[in-house]
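I have placed the structure first, in the form of structure tokens, so that the comments after it can refer back to it.
The letters A, B, C, D, E, F, G and H name the chains in turn, as written, and every chain counts its residues from 1.
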Amino acid sequence: LRTGFPEAIWGPGKTVTQIVEIMRAMQQREPVVMATRITPEVHAGIQAELRAVRYFEAARISAIAPQSLPKNCPGTIGILTAGTADLAVAEEAAITAELSGFQVTRLWDVGVAGIHRLLDNRRVIDQSDVLIVVAGMEGALPSVVAGLADVPVLAVPTSIGYGASFGGLAPLLTMLNSCATGIGVVNIDNGFGAAVLAGQILRTAAKISAKN
Amino acid sequence: LRTGFPEAIWGPGKTVTQIVEIMRAMQQREPVVMATRITPEVHAGIQAELRAVRYFEAARISAIAPQSLPKNCPGTIGILTAGTADLAVAEEAAITAELSGFQVTRLWDVGVAGIHRLLDNRRVIDQSDVLIVVAGMEGALPSVVAGLADVPVLAVPTSIGYGASFGGLAPLLTMLNSCATGIGVVNIDNGFGAAVLAGQILRTAAKISAKN
Amino acid sequence: LRTGFPEAIWGPGKTVTQIVEIMRAMQQREPVVMATRITPEVHAGIQAELRAVRYFEAARISAIAPQSLPKNCPGTIGILTAGTADLAVAEEAAITAELSGFQVTRLWDVGVAGIHRLLDNRRVIDQSDVLIVVAGMEGALPSVVAGLADVPVLAVPTSIGYGASFGGLAPLLTMLNSCATGIGVVNIDNGFGAAVLAGQILRTAAKISAKN
Amino acid sequence: LRTGFPEAIWGPGKTVTQIVEIMRAMQQREPVVMATRITPEVHAGIQAELRAVRYFEAARISAIAPQSLPKNCPGTIGILTAGTADLAVAEEAAITAELSGFQVTRLWDVGVAGIHRLLDNRRVIDQSDVLIVVAGMEGALPSVVAGLADVPVLAVPTSIGYGASFGGLAPLLTMLNSCATGIGVVNIDNGFGAAVLAGQILRTAAKISAKN
Amino acid sequence: LRTGFPEAIWGPGKTVTQIVEIMRAMQQREPVVMATRITPEVHAGIQAELRAVRYFEAARISAIAPQSLPKNCPGTIGILTAGTADLAVAEEAAITAELSGFQVTRLWDVGVAGIHRLLDNRRVIDQSDVLIVVAGMEGALPSVVAGLADVPVLAVPTSIGYGASFGGLAPLLTMLNSCATGIGVVNIDNGFGAAVLAGQILRTAAKISAKN
Amino acid sequence: LRTGFPEAIWGPGKTVTQIVEIMRAMQQREPVVMATRITPEVHAGIQAELRAVRYFEAARISAIAPQSLPKNCPGTIGILTAGTADLAVAEEAAITAELSGFQVTRLWDVGVAGIHRLLDNRRVIDQSDVLIVVAGMEGALPSVVAGLADVPVLAVPTSIGYGASFGGLAPLLTMLNSCATGIGVVNIDNGFGAAVLAGQILRTAAKISAKN
Amino acid sequence: LRTGFPEAIWGPGKTVTQIVEIMRAMQQREPVVMATRITPEVHAGIQAELRAVRYFEAARISAIAPQSLPKNCPGTIGILTAGTADLAVAEEAAITAELSGFQVTRLWDVGVAGIHRLLDNRRVIDQSDVLIVVAGMEGALPSVVAGLADVPVLAVPTSIGYGASFGGLAPLLTMLNSCATGIGVVNIDNGFGAAVLAGQILRTAAKISAKN
Amino acid sequence: LRTGFPEAIWGPGKTVTQIVEIMRAMQQREPVVMATRITPEVHAGIQAELRAVRYFEAARISAIAPQSLPKNCPGTIGILTAGTADLAVAEEAAITAELSGFQVTRLWDVGVAGIHRLLDNRRVIDQSDVLIVVAGMEGALPSVVAGLADVPVLAVPTSIGYGASFGGLAPLLTMLNSCATGIGVVNIDNGFGAAVLAGQILRTAAKISAKN
């Protein structure tokens, strides 16, 4: 991977034919090619044309990638979700990170309304080098995690919720206004972007290590 | 107190003369009369006219009330804040509740970015019969508290914050979208309203008790 | 019921298979299990797998529950709606409360544009220990009811309306800005949440009674 | 009055000199000239130049007008407010209407949280030919009044309130979404505009009368 | 017609069966019964049950009404639209007014981008006693019309538009901020409400005439 | 002028000393230097340091410029305002254009509520090569002008207004949603930007002319 | 072409029959007739009735136009997009311009995240007389282009994006707040409007040329 | 420094006495203590009490810190601004980072409207290990920088701007919607938060280094 990250296609609004064509072109340049927000139906269409494409259902990602990926650089990305409904966004982050050659630890369903489940799994926080925290509804989890963690926290608001959630605006504002320090926020539902930023952080760490 | 609560004047936009006049009129009908959002300067003006008026500075409340108030009904109102900047709103709630004859326990500065301070003071949550949780910025505290508590939680968003807080909109949305159950929300900075609702809840308990 | 409330599943975005699976798991722990926002079609699918599941059509709730529920604690929850279109949200509240073992009184269609229908039914207000007031469009009913009532009022804005209702934002703001005291607001369409908070209030009352 | 209404100057952002100049020019064409949103200080400045100018303090209006105005046309404009804080806007409407030669009945402080005070004064509603209803905070009064009245109701939201009132947005949305029929809404704090529209309605009556 | 207006049902979200039932019940009390926002498919369903129901396709209204309606009271309601796409809302107003026994003059497609078409049809403005002006997109027509007219103008914003129209918010704000006087605004797409208010104005005129 | 436009300083938030310093530096490079949003007080401070600075009070611009400016290129910029309160923004555009060497025609106070005043001055529209149309409140003027004109129309929303104007949001949306074609919109109150764009259009015209 | 531009029909919400009818009527008056936002299905329906209609698929435009269009006036319109997903809006602009007889240069996919691709194609910017810049997501391209260009830049925000894009609000605000000068903004997705304004600018050049 | 960062006080809304008191308490625990958003006047007050306090005027920070700070960990933080008006926020970030012992490189005034100035200074981008990019108005700079950089980019929107900037909302949305990858966003004007997150990233590198 030239830049350290796979080439990625944003699926929505593209036909199967368009995605297949772009994937074919990218394949010339890069060992790993992926498309996000792919429904099972669209994936079936892609695979009929490109046999090598694998589907990561929970992540809604279709990808062409070698069965075993070379390790990108040291460090672990911990990925947490507040609820089970946030899983699709979290898996988008996890699979993107793994396809980029990073090591990932998952911790689902540790929302702040049941704070002890989070505290009982504190070791995931303590053993990660960068954290991606995914939460919809009130989006309060990143604040609590950043208070416990001594590493960068990337907060991903999700559109999970209803009523005064206003399509993810509520958790987005929550995360931007966090009273904890050490939090960077990405767009609503942007698991992919959080994974690339987390990877960028680990790669930077590797570069600094190498320099010193 | 006929309704169980003092008559209250909303201070902003009223002159000293107007407040004094309304207080004099109310004093005829009610043993406790209070005005909210009163600056020290305005209070000085009021007191020049009405010697009996006391000032609760942290709460920005001026009140005429007997030195020792009769107890309204059994039960304790726990009042928590996320930050020290939320104190003015929390004290507005606390003094309103006390002037109404309720027993109050205060717990300041237990925001979610330092979750252990909250957990270390858990007994305040466990020993209260109704909780008022005051928070600005990301407003996440009520969710955590409601997850720990087995009593009604009244959430008060404050206008403390800046930027994407949009005058308290951020914590307001957070509280409305809480994934914890058992939370009722009041207007931004409305400590007074939360205290009356909390009092109303305790009085309901007393009424049901009497019926059964 | 350990916490005094049934375990609840948020239906939207879940497949029949997922709901059935979660219900089966919950059934091990709790006597009452319910799922909200369930369409008749989804319910049919659930029932094909779980014969014991009952459907509360107006409430859009599927539940596994003993035919006669033990009484949770004393007190009555009065539930009012402004219009008939608010009924689905109100029934979500009512059935949730009843499945939790509380006594419920219903009063539909007493919107403020016909104030006398509300006044003619005043006894529902007077005989309830906590009120849930459900209203869409301009959402003015909770203010009037809280003015008449001497008990806590839980206000539920609904997404019923069009144009400048902005998906329930209008009644939500109305309720937050109420000039009446003693009102707590929940998220748009959140009948379930209002019922749990109402139940929480009655249970707290029972606990205080027991202590005194 | 050619158009049946006085010429009006919008005060804010204009210097005393500018207002005096415009008033002098208008005086040539029209018997009644008025300026709105005038503070006592600005009025003092105007009056130093134009002796004939009278000040309507509660309405914040400065006007040149004959001591007794000729009656414009038959009919009565009833003006109601929800709170006393809405008085400045309501008086802007009342004085504008009176300076235009219309008969006005005032009814202050009949907000929906104390519905009986409104009902006790129902005769003001019944005896008016057009109603102007002024309300801030949740702005629910016009809905109740329109339900009781059989005449046009003009709703004026005010910027009175705080927090989630968002400068009058809350009562504005409330009034636009009213489930009562027969309501027309004007801009936030626009007492002047409501008075002109009310006058326009009464003058239409006079014209139809004349035609038939 | 007791109140001078037909009983009206809001169609969206109701089944054919529900609408038929409500219509049957209303028919007992009132000579004219109508339902708004009815698609051709829903109307077909209604008519299969209630033979007497007529369909006003452009207005999306189903109604039971005598073939020739008695005249309600003197005066003419002029209804204007800015574009042809606003026609459905305008016809909702027109048919509601006609079913209430008022006389209506229609003038379509006189948007401000072609101001001469409006001026060429000025006689519609001059010969109406109250005007309903329907406009989407930028919603500027009511301002121009109110400047030309000497009668009340009722402004109806529509959801016609795209992008920064935000579902009708743009024309709504335009109309509320009009620099012309004599304008009352109703909810987005609320042709029905504008017609009732216009009718209310004419009926009030008739009442005043009768008194004098 | 190298780029055909003066160097410009955005005044707000800068001290007199800072503005003087930047002006001195710019003077080395450019014959015309200007600063916008300058109060009379700030100007006095600047002039105490830089004697050559002239003040354009209505435009709130301080500028160093030769008494007679060389003509930039052929063509006339017509500038219109809806109200007199929009004058400061319009003069900002006019003086910017004149300091850039363009010919300007001014037409103030031709708002759509008095359409005949605009029509009576139609020759300003017909004789301009590009039009800048400045309007606050409902912002409807650009639509009418673009319908009459056969040249580009640059629309400038202003923050003049109150209530539902929301700081100029209302006229901004109006202008973006115009049903007339040939309109480009700039930021609220951005008279300067509109003038530069108008000048750019005339200079482009001159370049095309030269090429052909 | 009388006005220099084809007659255009806004497709959404119109039936095939309505579009065919309007096209037939327009054909009497104008040599070029076009309809925008036409799906392939709708076009098929139109063509079954009007054989001469051609379809521009990428632009979603159906048009009746002579095979070779006479040149409208000198000058070139450069059209740029940030991403490939913005292509439909950009082609709407391009085809509208071409059907109006203007010369167009296209440059797709030069978004600011890969600034060198833009710089490598700078000659498109340098050789155009007016630029249309189409961008969704963060909408930053017009600022960079306007900094490089010495001609008018027309910015078209698109609804391409998700989450905090809020349907195109994000790029719209970006473009309105540009710190580059010489930018005029049109409505979200309004390629048609940008093309007409660009054409209007070129035609102004021709008129000034003729005058001098 | 225990956590690697100084203790920080949020200045706004605190009196000199309160700030002094908190600083005194913190000084017991930590070698570096700082307060943000401090005006020169407030600083003067603080220094009268605490002689050791230094003022960083451009950053609006008052701090107690040893003259030479020990280096925290390897790596350089590059800080860029789009305009000079963004300097206060950028300096808040820079001084916070320096007080935390990190090495900082500053690059001011490289906004996207003059892209060559940024490209000419590319070596700042290439030689930094993490970048903080500060921008108001349209906020487009982080997108361009993230496209050029191969390290994490922390984007700080500022409230610099007017009109449709809506207090920093415009650049905030721009940054969240960036089509470049590797960007994390913090609250409007939150230079402090960006510095802590950048420091957190460098410290992670050091920790990974130590582990490997």
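Heads up, the rule we're going with is that contacts are C-beta pairs under 8 Å (C-beta built on N, C-alpha and C of every residue); 3 or more make two chains touch, one makes a residue touch a chain.
Quick caveat: nothing in here was measured; it's all calculated off a predicted structure.
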item: Partner chains shared by chain D and chain H (touch criterion as defined above); value: B, F
item: Far-end chain from chain A, centres as C-alpha averages; value: D
item: More contacts between chains, E-F or E-G; value: E-F
item: Euclidean distance of C-alpha centroids - chain A vs chain C, Å; value: 36
item: Centre-of-Cα separation between chain E and chain B, whole angstrom; value: 47
item: Shared-contact residues (touching 2 or more other chains) in chain G; value: 163-166, 169, 172, 176-177, 181, 187-188
item: Interchain pairs in contact, sorted by label; value: A-B, A-C, A-G, A-H, B-C, B-D, B-H, C-D, C-E, D-E, D-F, E-F, E-G, F-G, F-H, G-H
item: Residue ranges of chain A in contact with chain G within the complex; value: 10, 12-13, 157, 159, 167-169, 172, 187-190
item: Residues of chain B touching chain H in the complex; value: 85, 160, 162-166
item: Contact footprint of chain H on chain A as seen in their complex; value: 3-5, 74-75, 129-130, 150-152, 154, 172, 176-177, 181-188, 192-193, 196-197, 200-209, 211-212
item: In the complex, chain C residues that touch chain D; value: 82-83, 111-115, 119, 137-140, 143-144, 146-148, 161, 163-166, 169-171, 173-181
